[in-house]
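Dropping a structure here in structure tokens format, bear with me for questions.
A, B and C are the chain letters, set down in written order, and residue numbers restart from 1 in every chain.
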């Protein structure tokens, strides 16, 4: 029976060893520090956004001397590599081993969904970056607060802008074949068609497709513009190939909040000039908080902060405001959660508050790519104030409909 | 051995919840790797599609629970039937080839399932995954807390591995090893090599499905990434690193991979690289795997 | 009509790119029966080396050459010190090649960061040309041209040179090759270097289309495997034909059957292997 002996020795040995390493680390917040966990992605395809999240949050903490409301802040960072099961494990580590009081993140929608029940069970105040719509709509999590936006929150105003200001009539949409892409395009389609436009084509290439040539060839050319709902670097890759095929100038390009993020812009050239996008942030925002934030970030890392960096910087400000409202007593979870949701604070993205579901209400900016001081920036050309996740729709009516997806709202104007 | 068993049973009393959970995950990974080992180590058929069984079982169980509201006992049984049936079909297709061809077909078949999970959103909820699941409550005992689940996983895994050990030690197991080492000779002796392999493939798929059920119970969530090539590759690497062709090997190998992935990654940002180095070092010093290698050293030490 | 023209051109261009990727893998597997699972990461490494070279010498072809040489050296070291001892141990080969690919991937992430880095095509080739009324990027046609040229060069190497004869002998019957005095181990190292060089060069040449990004290795490796399996093991011609078939299936399939986008490459392979296990032009069972 040698195998069983070996097996149990190994398992027991690993277990005892691990437990021995673990026991001293399990302090139950006796030291008076506020422990904050950052759930991010530092390896894999989402890595560049995840690394920005960490950099900005560390900067925020540093600017406040790692102290909020008189208590020292300890930051614990977890890397999920973008895999939902691993995100859950890392979260368990942050909660059970490190004893965090609150969590900033996670980054990807699927990670938030994977951890939903765990967050509820552990009653963990979560300041999410992930854009999954239903977490603050049909399956609202009482411990959830989202400081970024839902997938479609910035697409609604852009659709309005395209229809009313840019006067586009026929458009196509293209995005990654993930929930984020579907939700964003669905939101865009709904508002655009309600304003009299027509979406004549929808394309959803797989997230890890090597090449967009076949999608560019399928794209209709008798359209006014195409909306890009890409995440990460796919927008950049698609656009590069768009230019190679000589389509630039023939069709206008508008982008969602991550398609032409600052992080991606720095690798682009003059071909990007003039592209219109919408987002709840731009490094060019002219408020005192952002001027300081962007300048310091640029100084440290030599590039402008974008979506992901701004996300955690804003969440940090929200965390601070809520902590102040409870006089630093983060251990009182119910009170802290109530304070989080009642937060109204000025941040790098402008003034923000939260709706009854914990989703942010704030400005959405329409931006245009321009060259300034030798680098490409997202200049703000228009502001939609106080945009909520429901746009101008009645929340009750909105929630009666199914969640935005690839097939809802149904696209009635598609042409073969 | 009694000491080891007692240690495993008493572990949840000394370890914190995080470590108990980690141990549960190790059991699940070990079971998954052990089921793959039946095919790779004892059958000599390298498969990169093992994630298929985890996915089919997990998704079937989740879907039946969410959409039809069935009890866990029924969903588990149906999930395993579904998984075994899929294994029967996939095995029939895959065994038309051997070597790299077999590897590629198993990879392709599981990738087809992966793509289907992503795209057929009306069935699988696509990229959002299926959430809102619960753990079963055998005999009314809740498994929600780490320690009860740990014992559940430990029991299932221990039983499964014991069963697999009996399988390998049986005359059928001997025939299987024969087809691995000398297929032509076995055929000449009158064994139906393809049938032996196919039965092993299905059996391996069955236990892979059991691991899948434990996986979905533990996570209470299933997402297409569970069906990805990475899942299959990690299992295969665990089997090889631990020592294919031994019963304890895959357990050790799976534990190594999991601990590096979930535990060391907290301390070391470059854990991926470390994992690579660990594999390379294992190959240099213990090319047959950790368990056979250590057994060799132990014997050598004894002789000296 | 426009759709068919442009998609055909896309298929050809993609096929060319796939051949540049798969040729090295086919060579190594054909001769040495080693499934070199580092191939994807060698391709990616070549792309990243190209990125760095281009910062100093903005000439894509020079970058290709340098990347080929460096990756070949790295490949040779892997073969000589690690793979050689694993003769009859395919599982060990899988473990070590995957282990190395993890190391290379992480090293690239540390050295070049997590963002995708574009590689510029040579300025003269950056425009679109008009073919049958559609605009098509000239660089993609160049890649196709390079692929065909490479195929011809490899063919001449195999059929017309002594080295090629030795390689073919080794593929057909390693034991006999040794018996007639061919220095098989030296041959193996040379072939592995050549395969690695092709991977590295392919990474740079494909760079203007794919860019260099973390995850490139994992995206490319399955494609190389599919091409080689479909085309048949041990046959460069099979790899060539397989590349274009896959290119066409992918391009047209994604357009005509978007719901099958994820599985479009795997379904044909399953069919082919199930009915013809040695692939379309394979010489021996895989």
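Please note the rule applied: a contact is a pair of C-beta atoms (placed from the backbone, for glycine too) under 8 Å apart; a residue touches a chain by one contact, two chains touch by 3 or more.
What you are looking at is a predicted structure, and each value in this text was computed from that prediction instead of being measured.
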Result of counting contacting C-beta pairs for A-C and B-C, higher pair: B-C
Per Cα centroids, the chain farthest from subunit C: A
Inter-centroid spacing, subunit C versus subunit A (mean Cα positions, whole Å): 36
Subunit B and subunit C, separation of their C-alpha mean positions in angstrom: 32
Per-residue overlap in subunit C, given as positions that touch at least 2 other chains: 106, 261-262
Multi-chain contact sites of subunit A, meaning residues that touch two or more partners: 43, 177, 206
Shared interface positions of subunit B, touching two or more other chains: 118-119, 272
Complex interface listing, subunit A residues touching subunit B: 1, 3-12, 14-16, 18-19, 22-23, 26, 42-43, 78-79, 83-86, 88-90, 92-93, 96-97, 109-110, 113-114, 116-117, 121, 132, 134, 139, 177-180, 206, 405-406
Subunit C - residues contacting subunit B, complex: 29, 35, 82, 85-86, 89-92, 94-96, 98-107, 110, 218, 222, 225-226, 229, 233, 259-263, 266-267, 269-270, 273-275, 277-279, 285-286
Footprint of subunit A on subunit C - complex, ascending: 3, 6-7, 10, 13-14, 106, 109, 113-118, 126-128, 135-137, 139-140, 209-211, 213-215, 219-220, 223, 250-252, 254-255, 258, 261-262
In the complex, subunit B residues that touch subunit C: 40, 46, 93, 96-101, 103-105, 107-109, 111-112, 114-116, 118-119, 229, 233, 236-237, 240-241, 244, 270, 272-273, 275-280, 282-284, 287-288
Residues on subunit B engaged by subunit A in the complex (per definition of touch): 1, 3-5, 7-8, 11, 14-19, 21-23, 25-26, 118-119, 121, 126-129, 131-132, 144, 161, 165, 215, 219-221, 223, 225-226, 230, 246-248, 251-252, 255, 259, 261-263, 265-266, 269, 272, 291
